[in-house]
Structure formats: structure tokens, C-alpha cells
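Below are two complexes that have subunit A in common, paired first with subunit B and then with subunit C.
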Partner chain A sequence: MSYFEFLGQYGDRIASGTLITMALTVLSALLAVAIAVAAGLMRMAPNMAVRGFATVYIEIFRGTSLLVQLYWIFFVLPLFGITLEKFTAGFVAVGMNLGAYGAELVRGAILSVPKGQWEAALALNMSPAKRMIRVILPQAVLIMLPSWGNLLIELLKGTALVALISVADLMFQVKQINGTTFMSAESFGTALIIYYVLARFMITPFMRWLERVMMRKMGRA
Partner chain B sequence: MFDWRWDFTFEILPRLIVATGNTLLAAGLGYAIAVVLGLVFALAQRTPFRPLTMVVREAVEFIRSTPLVLQIFFVFYVGPQFGIRLSPWTAGMIAIGLHYAAYLSEVYRGGLESVPKGQWEAAKSLNLSTARTYFRVILPQALPPSLAGMGNYLVGIFKDTPMLSVIGVAELMHTANAIGSETYRFLEPFTLVGIIFLCISLPTAALIRVFETWVRRKLGLG
Partner chain C sequence: MDTTDVSAFPLRLEGDAIPMVSFKKVTKSYGNLVVLDSLDLDVAEGEMVTVIGPSGSGKTTVLRMLMTLETINGGVIYVDGEPLTHMERDGKLVRADSRHLRKMRSKIGMCFQHFNLFPHMTALENCMEGPVHVLGMSKKEARERSEELLAMVGMAEKRDQHPSRLSGGQQQRVAIARALAMRPKVMLFDEVTSALDPEVIGEVTNVIRRLVAEHNLTMLMVTHQMGFAKDISDRICFFYSGRIEEQGSPEELFGNPQKERTQQFLSAVKEAS
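Then we have the complex of A and B:
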């Protein structure tokens, strides 16, 4: 079977897998951003309990493997009465894992906003919430966007693991195709190229665009 | 807690500890490959021969932006198609070593670029050969700034070894999975795996930070 025949026969399965991978990436990215902002801010809270909770969360998710977390969420959580459907378990695991890494980015970015900005907001008698939302966070976003580009590529790569709990993503489809055809170079090779294209020609340009938009919004273009 | 069984925990603990040895071995071997190969990748990108630098640059980008688990499958299954049979360990070490070599080459690249230009000029005016310049002048100065990144990836490679379970390397995750399917109990093995990972990666990360400050002080960098 030539490569073109291979694509003709298995093209739709690869395409449907790619769509699932993209959906997983978007959903887990949204979750990761939400968790990162929440945990990053909690990490700096004056309340010890809140700070401790965020620290424990971040250390646990950064200290163990994504695969371990995925299996734990999928196989162990049901024993506690929380049963997640495999697709949900997949993006929740990826989102929670990368969210922990993102939290450190958020914290680092907020800390690197110049001190004068905090003082100026204080001098203008802004409430802490308003100061954070109107003054500090927008500048922090600008600082951390380039690192988020790398993190999103890590996230895309992380979604490949959900194939191991049989979510029908790209990785899962090519594994199945390889199992029936034994055309390993073609099936796994195609998937490698698709992941590469998604990372370099979709995520990276999207992040560059977002950086430009944010810069313009902040009047720094 | 729920139906956590301590007798079962102690029954499976020895098996998991043996498997932890395999996990550490895999991480160590993979890291050794990555440290050397990463340096080769980094230096190859600095040769004046353009086609080579471009090919290596693209290869590094490619490896960095595709999933490790897919690369492991690729290395393991593509060989037999062309008559090369690799054992799970060999395939796993090649895949994980290559993956982290790509990451480490970026770390080295940053370190190499941080060496001031004057050092090159000084070595040149002393008529040192290129090899001598690299080994005696440039690399010793490029390594300290690379240490933090290298340490992060040491912990990173350790945390990525569970992916080797997909091709049957008998490391921690593989063993936990086996115990789970033999006994239909997943709570204890998977939780223990998580705890073992935490017990190793958190202290290692702390030790690396201590080592880094020690090296910096030794070299008089503050």
C-alpha cells in the first residue's frame, strides 16, 4: 500500500482524531488558564491557609507525572464517587497539570510588575481587587504571554496521553491504525507531522498574534 | 480513608520499590544520553556549515513540539518494519534520550550564547585551536548558567519515565498497572506511585537548587 492509498483509506480517522486533539487542547487550555490565575493569586494571598492550599496543589501536580495524575483521576476518583467520562477526565487531568505550571508563571509575572505600579494604584486609592484587575494583571499578562506559548505546546503534547485511557484522539487513532495495518512509519509518522504542524503553525502564530493584540491594547505597540 | 487497605499496601510496596529502581535507572540512562547528545546538538548548531545547522535546528524544533509518548511508539514500532528489532528498554532510552537532548541543547545554547565575545577573541589571539577554545575556555563558562535548566530537565525526565510503560518497560507505572489488573484494586497502587514520585522529585528539586548555589559560589559568581 502506498502512502497515498494509506491516507485515502485512513484519512478520515486521522482527521477525526486531529479534531478531538484540538478540542482537548482548547478545553484543557481554558481550564489551565483559569486554574493558573486562581492558584497563582492564591499563592500570594495574605491568608496562610489559602496560600498553603495553593502551594500543596502546585507541588503535587508539578511533582508527579501527568500520566500518574491521569490514571488517578480516571481509575481512582470513581472509588470516591466522582466518575468522570473519559474525555472529561482527559482534559481535566491535562488542564490541572498544566494549570499548576501556569500558576508559577502567573506568580512570577505579577511579582515582576514594577513596584511603582503598585504604589501608584495605592496612591489613587484603588481597592485591592481593582488594583489587581485594572493595573497589575494587564501588565503581568504582557510579561507572561511568551512563556504561555511554550506552555501551550507542552499542553498539546500532554493531550496525547489521554489516548491511554482510550479517548479517540489523534494518538489513539494512529495507534489503532498501526495495530491493524502494521504500517508504523506511515501512521506514527503522519501523527508526528500533524502534532508538529499544530504546534508550530497554529499555536505559535496564535500566541504571536495575541502578544501583538495585547501590546496594542496596552499602547506599547 | 474509604476502603484503603493497609495489608494490601504493605503487600505491594516491595514490588513498587523494586520498580522504582527501574524508573530511576531509566531516568539516569536517558539523562546520560540526553546530556551528551544535547551538547552535540548545541555545538552542531554553531558550526559554520549552514545546511548542518539548519537541519539540526529544525530537528530540535520538531522533537520539542511533538509528544514524547508518540515518539516512543514511533521508535519502538518503526524499527521492526525495516527489520530492526529493538527491545523496549533500548527503544525507550533512544526516544527519551533524544527528546531530552533536544531540550538540553536549548539550555546549552543559552549558556553558550551568554559567554562574552571577548573570551572568543582572547582565545583566538592566544592562538588556541577551536577544540581547545571550547573545552578550556568556553564550555567551563557556559555550563554554570546552564545548570538550573539542566536540573529542571533531570526532574522532568524522571517524571516522564511513566510513558515508557506503554511499550512495556517494567517501571513504576507499568508495575502499578499490572498490580491493578491482577487484583482489581487501583486505589493503593496508583496512589503509592504518586507518593513515590513526590518523595523523589521534591527533594531532588531542592537538592538541585542547593547544588546550583554551591557551584556558583565555587566559581565566584556570587
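Then we have the complex of A and C:
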């Protein structure tokens, strides 16, 4: 079978797997951003319990394997009465894991906004919440965007692990195809190219675009 | 850490001529380093007081304490007769909580050495930010007030520019307009010309000159521009190692300084300029 015949025969399944991978990436990215902002802010909270909670969360999710976390969420949580459907378990695991990494990016970016900005916001008598939302976070976003580009590529690649709890993503589909055709080079080669294309020609340009938008808001474009 | 018992201080200042700002035995230290040592300083309403002195003498700290950017270790600061750093509870003065600080802070505005404009907002948005998001003004009203102030500082035409497109002098003028938009009773200028190129210092000092001439604002300023200080101040305070070494009218202090350290400082400044 030529590669074109291979694509003709299995193209549909590869395409459907790719769509699942993209959906997983978008959903886990949204979750990761939400968790990262929440945990990053909590890490700087005056309350020790709040800070402690965020620290423990970040330590656990950064310090252990994503695969083990995925298995925990899918196989162990049901023992405690929390059953997640496999697609949900998949993006929740990836989102929670990358969110822990993102939390440190958020914290680092907030801390690197010049002190004078905090002081000017205080001198205008802004409340702590307004200072953060209106003055500090918009500037922190621009600082952390390049690092988020890397993190989102990591996240995309991390979604391949959900094939192991049989979510029908790209990796799952090519494994199945390989199992029936034994055309390993074609199957995994195609997956390799698709992951690369998604990272290089979708995530990276999207992040660049976002950076340009933010720069324009700063009047620097 | 409070090292001074504040029970001896009045709950509020009363009488005929209440100073707009009053430092009463205010002490500030970082560890063992005493930055301000039992400072007593009154500033009357509408008065322009300039603080000069060698670096490390605590002059900037005076302004930062008044803006509540620094806490104090002893004594009480009063603004408009009311305690700033403390508040009344059960007939006694206790440390101010964040609510009291927010109430008192609304009386004070500050301009910084490095302008600290918000880079993601235009000049106009910088000025509107406080009125809209702190005072709860309508956008229309805030815009009118901000445009008026930007016109006053000569920045009306640049109102839609972001700070990155403005020169230092222009940024500082916007920063002055931004602070004034909050209608403070006391304005603090912390070395507002120190980060500027010599040729644009005049555009900022001229704005402050106009403020002094046309408005009855109480102002405290830290500066190295001695000529400027001499021209516009009602009173000059010379700080030396955390204390007011000497104070008086510009004529007295510059023309006939009494203390040796003041003389040394003034002649050193003269040589440098």
C-alpha cells in the first residue's frame, strides 16, 4: 500500500483523532490558564492557608508524572465516588498539570512588574483587587506570553498521553491503525508531522498574534 | 512594630489653625538603621514646603510615609486634622486598618521620580483611571476633567499617546495631571525632575510653578533643583541624617544658613551646578 493509499484509507480516522487532539488542547489550555492565574495569585495571598494550599497543589502536580496523575484521575477517583468520563478525565489531567507550571509563570510575571506600578496604583487609592486587575495583570500578561507559548506546546504534546485511557485522540487512532496494518512508519510518521504542524503553524502563530495585540495595547507596536 | 506609645497623642487635631499635614514625633527605621528620628513637621493649608538634603537623609521617606507607601515605627501623622497612620477605636488611637487608610489616602496625591504612568493606557486613560475606577465617576465626566487637566499641563494634543511614545518631561506632566484628577488636598512631588534630561526640566517645573501660583494646594516637594525650590517654596527644610537640621524661608535658608551642615551642603550643591 502506498502512503497515498494509506492516507486515503485511514485519513478519516486520523482527521477525527486530530480534531479530538485539538479539542483536548483547547479545553485543557483554558483550564490550565484558569488554574494558573488562580494558583499564581493564591501563592501571593497574605493568608497562609491560601498560600499553603496553592503551594501544595503546585508541588504535587509539578512533582509527579502526568501519566500517573491521569491514571489517578481516571482510575482512582472513581473509588472515591468521583467518576469522570474519559475525555473529561483527559483534559482535566493535562489542564491541572500544566496549570501548576503556569502558576509559577503567572507569579513570576506579576512579581516582575516594576514596583513603581504598584506604588502609582496605590497612590491613586485603588483597591487591592483593582490594582491587580487594572494595572498589574495587563502588564504581567505581556511579560509571560512568550513562556506561555512554550507551555502550550508542551500541553499539546502532553495530550498524547490520554490515548492510554482510550480517548480517541490522534495518538490513539494511529496506534489502532498501526495495530491492524503494521505500517508503523506511516502511522507514527503521520502523527509526528501533525503534532509538529499543530505546534508550529497553529500555536506559535497564535501566540505571536496575541503578543502583537498586547504590544499594540501598550502603544509599542 | 510600634516603639512609641501613642496614647499621648490627640485623637484629632483641634483649634483654629489646624495644619494640613502634621508629623508628630514620627520615627522610621529599617532594623537598626534609623531613617527618621522623632520628626516634627507641620505644613499649613496652601503652603509649599520643599525638603532638601543629602541622599540618605530621609527626605524621600517623608513623602512615602505620607502616601502610606511606608509604615512608621513611632509617632502619629495627621492629615487635615485626622490621624493618617492611626484611627480612633474606643477613645484610643490604634493602627489604621486598610479601610481607614483608603479614606485618608484620597486626600493625598503623589508624583514620582520615574513617573510610573501605566504603560498599557494612553495619557488620557491614565488620567481617567482613578476618577472612573476609584471615585466612581461617569466616563464622560472623568474625560472632561482629565482633558482639562491635560490641557493645563500642555499635553492636550498628546492625550491619545501611550507613555512609551512620550518624552520624560511629557510623561511627568501627564503624571501630574493624573494625580490632580483625584482632587487631592495635598500633593507630593518626589524628585520629579531627577530623571529628566536638563532641557526638559523646565517644562515640568513650569507646571508646578503654575500650580503654586493658581491653586491653593498644600504641597510637599523633594528636589535637587535649588533655584526652583528657592523661587516657589514658602519654606525650605534641610534634612540631615533623619532630622530637620534647619528650616526657614528660602531667603533665610539659602541667603543666611545658620548651621554648619547646611552651609556645607549648599556650597557643595553650588559647586556641582
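Basically, the second predicted complex is superposed on the first by the 221 of 221 C-alpha atoms of A that agree within 3 Å, B and C clash if a C-alpha of one lies under 4 Å from a C-alpha of the other, contacts with A are read in each partner's own complex, and residues count from 1 in each chain.
Simple rule for what comes next: contacts are C-beta pairs under 8 Å (C-beta built on N, C-alpha and C of every residue); 3 or more make two chains touch, one makes a residue touch a chain.
Every value quoted in this text rests on a predicted model; they were computed, and no experiment measured them.
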item: Which superposed partner A:Ser112 touches (first subunit B, second subunit C, both, neither); value: neither
item: Which superposed partner A:Lys157 touches (first subunit B, second subunit C, both, neither); value: first
item: Partner with the higher number of touched subunit A residues, subunit C or subunit B; value: B
item: Which of subunit B and subunit C A:Gln9 touches, first, second, both or neither; value: neither
item: Which of subunit B and subunit C A:Val76 touches, first, second, both or neither; value: first
item: Touching partner for A:Tyr196 - first (subunit B), second (subunit C), both, neither; value: first
item: Which of subunit B and subunit C A:Val135 touches, first, second, both or neither; value: second
item: First, second, both or neither for A:Met126, with subunit B first and subunit C second; value: second
item: On subunit A, positions contacted by subunit B and by subunit C; value: none
item: Subunit A partner contacts - residues on subunit C that touch it in the complex; value: 67-69, 102, 105-106, 108-110, 112, 114, 116-120, 122, 129-130, 133-134, 161-165, 175, 178-179, 182
item: Subunit B residues touching subunit A - in the complex, by the definition given at the top; value: 2-3, 61-62, 64-71, 73-74, 77-78, 80-82, 159-163, 165-166, 173, 176-177, 180, 186-187, 190-191, 193-194, 197-198, 201-202, 205
item: Residues of subunit A defined as touching subunit B within the complex; value: 59-60, 63-69, 71-72, 75-76, 79-80, 153, 156-161, 163-164, 171, 174-175, 178, 182-185, 188-189, 191-192, 195-196, 199-200
item: Residues of subunit A that touch subunit C when the two form their complex; value: 114, 116-117, 119-127, 130, 134-135, 138-139, 142, 217-220
